[in-house]
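Shared between the two complexes below is chain A, which pairs with chain B and chain C, respectively.
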Partner chain A sequence: MNQLIQSLVDALSAGATLGLAALAIGLVFGVIRLANFAQGEIITASGYSIIFTWQLGWYVAIPIAILIGVILSLLMELGVFSRMRTATPATLLVASFGLSFLLQRVYELLFSNNVQTAPVAPELAQSVDVGGIRIQLLSVATIVIAGVLLFALIQFLNKSIWGLQLQAAAADFRTARLVGIPASRVIGLSFALSGILAAAVAFVSTVQTGAVGPTFGVPIVILALIGAVIGGIDKIYGALAGGFLVGFATSMLASWLPSDMSNFRDAYVFLLVIIVLIIRPSGLLVSGGTVRT
Partner chain B sequence: MPSGDLGLVVRGLSVAYAGVPAVRGVDLDVPAGHAIGLIGPNGAGKSSTLLAIMGAIPHQGTVKVNGEDVDGLAPEKVVRRGISLVPEGRHVFAGLSVKDNLRLGGVGRRSQDGSADTLDYVLGLFPILAEFRDRQAGLLSGGQQQQLAIGRALMADPDILMLDEPSLGLSPTAVDTVFDALATIRSAGKAVLVVEQRAEFTVAFCERTYVLHDGTITLTLKPEDATNVDVLTKAYFG
Partner chain C sequence: MTRGLWWRLGPLWSLVSLLLIVYAVTVVTSYLGESVQVQFQYALVNLVIVVALYMFIGTSGVLSFGHVAFVALGAWTVGLLTIESDLKRNLLSDMFPFLFEVQAPWLPAILIGGIVGGLLALLVAPVLMRLNGLQAGIATFALLLVVGQVLTYWSSIGPRSGQSMVGIPDVLDLQTTMFFALGAIVIAWLFQRTRPARLLRAAREDGIAAAASGINVVTQRVIAFALSGLIAGIAGGLFALTNRVVQASLFGIELTFITLAMLVLGGMLSLSGAVIGALVFSVIDLVLVRLQNGLEIGSVIVSLPQGTRPIILGAILVLMLIFRPSGLTGGREIVWPFRRTPPLPGVPPTNE
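Take a look at the complex of A and B:
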């Protein structure tokens, strides 16, 4: 019982982290059909920034990490993707792979192949006793951070005129432009938001590991991308839910698989993904196989 | 600006898809206070013409809105010169509420001043939109969605309103609602360009109706031709 609750809280927190990462991918995909693999390198950049600036205080480190995430995300759009507007989603994906590897090499040159370490928010890296059950404080914090961020984002998307423009562009880009929604503005907005989400993911991940290397964001983005696809990448909330599911399932498998099998954890996740995609090619949460025109 | 310039003037408009011509040198005049029809068989190039006017697809030729050249502008810029398109198939934002669809229509306004008045005007024209303002647009009936699509276009406060097959798939009463609204919009001094399949009805409604065939305007009809539209078009196309 005790262990079940612990692993449940951990799984909720892993789900929340990957949900945010997948949402970042889904926001951009919804607008320009780009599954941005280099989202991982935005997470890495924010991660480095947190490691290097943490001693200045969280109130300095976190805003800087957000700023770095947003700036790098916008630079990717301006420097690379905005020049590929007529490219197919497949071409865009390949370009984002290229960008991802390029940035990993840049990080290697700048910060070496070794991980950079710093104790980030060590007070979160402990367990607390809740009615006789030991719970990771970081897991609770992650769930709270993700919850607050999601609430704010949903308010923004549903209530503000900018958020509505983003939703309209994600639903029907041509019609959005016909009613006067500026393409460049909503695209920039989607990249900026995904940069903020990347910083949040970087924060909870650096607290967990205390170390960032050139490929820090890669495993996160792989699972997030899988989650986004499972949930239905072209629906903003589909991506979120899919990311959550993958994070949740991965974490649950890690705690409940017999230890000699836990090396194959990811294989089980991928098996699950393949089954889902065979049954529901357009995503779990998308009704039918709608084709965009 | 001389009043003769008000409205839409199109000269030599051509569109090709992957080198295959779809619209070949179309000229159109849509003066303020007039409703002009554009009819023709499937694939004649009607939608392509409207999309090209909005700058949504590559094209050649000149498009003047209220005397101002809009060639080479992106659709979101063209809207801000005072022309709106109600696209074929309505394309309301199905996941958003009626109210939010109308709010989004206001994004294309030249000035945010007076947007509350425009909203009142739209809700007066289509009272059903006020009644269902919080409903998800995708849950509306076809006729209601068409009213919403027109309302959304009007929220940009255009001088020229273009509609692509607004009667498609609508019940006869819903068609009446739409065309009653178009008559009101026309009498308010706006220029209306309406693409339709139903030839006789359109010719009767509009001051002038162009017949588009294979990307070329082959015939211009007056309201008095309405009763023998079939005869005229048959004589022309065999």
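Take a look at the complex of A and C:
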């Protein structure tokens, strides 16, 4: 029983992390049909900045990480994706693959192939005893951070003019433009928000590992992208739910698979993904229709 | 009359010119010293992978990140079949016992590797080929990751995780590799002209119209996918004999990305694009490696800092996608340069 609760908390936290990462991908995809594989490199950049600036205090490190995430995200849009507006989603995905590869090699050149380490928020790495159940503080913190961010984001999307414009553009970009929603603002906004989310993901991941290397963001973005697609990348909340599901399933499988099979954990997750894609190609949470491409 | 003859020979020229280009580049590199030869042999193996990718992606217009999984299976098969029994018993002791005994000479081994790759492709195709666009990309990507995991961790069919297969014989030289590359090009060219390929190209241009004309798109895609899986498997066998060390981590995202980049660079809608993309990419890579090691031009040594090579390659791909998304060849085949092309009736002039 205790073990079940422990693994549930861990799985919730893993799901929350990937949910945020998938949400970042879904936000951008909804507006410009880009499944941004290079989102992982935004996470890596924020991760590096957290590692390098943590000793200055969290109140310095976290704003800088957010700033770097947002700036890099906007730079990608301005430098690359804004010049590819007519490309198909598949071409955009390949381009983001290329960008991701390119940035990883740049990180290698700048920060070497080895991981950079620093104890980030070591107080969160402890476990606490709650009625005989050992729970990682970080897991709780992750769930709280994700919850707060989501609440703020939902408020923003539903209550502010900019948020509503973003939702409209994500639902139907062309019609949104026809009714006078400024395209560049909405696109920039979606990239900026995805940069903020990347910084949040980078924070919880660096606390967990305490180390960042050139490919830090890759495993995160692979699972998040897959999650976003099976949840329904076309819908903001579909992407969120899909990411959460993949994170949750991965963590649960890690806790409960017999040890001689746990090596194949990811293989099971990916098989599940294929099955979901076959049964519900447009996403688990999307009713009918296919993804607009 | 003359026009009729050109009509027949024109397409043939698109094949012959590609064969000549590959042959010529191979001959030139074979004079440039051993290290260049070795590197170009890898380039030819990559070329075969790119041709396999083209056969599916170019014809059907569906993205596949999964072909490297078939490459991996081909390499794995050739590794298992060509390493000596005693060596296998010692180094790969966890394997199923019958795998110690099976052996084959390298040439049949390559073909068996191709068949294994093709069989996996045929097995998964009926399911995967129902997907389009991004979903197809993600599902084939998941396939790549599943195969990677299984090959990494299942020690009953290979080395324990983190270890590699060694002892693959040194039998493949540059010339033989070139013949395989030429063969792959011929097969792809022949395939282009078959009915399934034509139907797929029609479906690529307009899926709804093709389906309305009675084309069963899934069936045609399965054929193309299995055939290109076979070629990818053969490429895997060539890779095993070239690299002579096989490890699951070699067949991951990086190889997928590099071969896709080659295809995109050349133009993914034509065989010329696949071949020229692979060659241009490889030649740039050759030059960059030279430059990284320091190149003497007269008395000056030009050298690039270590680590800049992949950055330049990545930048080339991204710039290419921005400024010329249809690739170097623009998705067209090479045509006989001395032909006067009469305007076809009913075809509007293209603005390029």
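Worth pointing out:
Just so it is clear, the second predicted complex is superposed on the first by the 289 of 293 C-alpha atoms of A that agree within 3 Å, B and C clash if a C-alpha of one lies under 4 Å from a C-alpha of the other, contacts with A are read in each partner's own complex, and residues count from 1 in each chain.
We take it that a contact is a pair of C-beta atoms (placed from the backbone, for glycine too) under 8 Å apart; a residue touches a chain by one contact, two chains touch by 3 or more.
Everything numeric in this text was worked out from a predicted model, so none of it was measured.
Contacts of A:Ile161 after superposition: chain B is touched, whereas chain C is not reached.
When the two complexes are overlaid on their common chain A, residue A:Gly147 makes contact with neither chain B nor chain C.
When the two structures are aligned on the shared chain, A:Pro63 is found in touch with neither chain B nor chain C.
In the superposed pair of complexes, A:Met84 makes contact with chain C only, with no contact to chain B. Once chain A of one complex is fitted onto chain A of the other, the partner contacts of A:Gly180 are limited to chain B, with no touch recorded for chain C.
When both complexes are overlaid on chain A, the residue A:Phe101 reaches chain C alone and has no touch with chain B. More chain A residues lie in contact with C than with the other chain of the pair chain B and chain C. In the superposition on chain A, contact of A:Ala171 is made with chain B only, not with chain C. When the shared chain is aligned, no partner comes close enough to touch A:Pro122: not chain B, not chain C. The residues of chain A shared by its contacts with chain B and with chain C come to none at all.
Residues of chain C touching chain A in their complex: 63, 127-128, 130-135, 137-139, 141-143, 145-146, 149-150, 152-154, 161, 253-254, 257, 260-261, 264, 305, 307-308, 310-311, 314-315, 317-318, 321-322, 325. For chain B in complex with chain A, the residues that touch the partner chain are 54, 56, 74-76, 79-80, 84-85, 87, 91, 93-96, 100, 103-105, 107-109, 152-153, 156.
Listing the residues of chain A that touch chain C in their complex gives 35, 80, 83-84, 87-91, 93-95, 97-99, 101-102, 105-106, 108-109, 218, 222, 225-226, 229-230, 233, 263-264, 266-267, 270-271, 273-274, 277-278, 281-282, 290-291, 293. Within the complex formed with chain B, the chain A residues making contact are 161, 164-165, 167-168, 171-172, 174-183.
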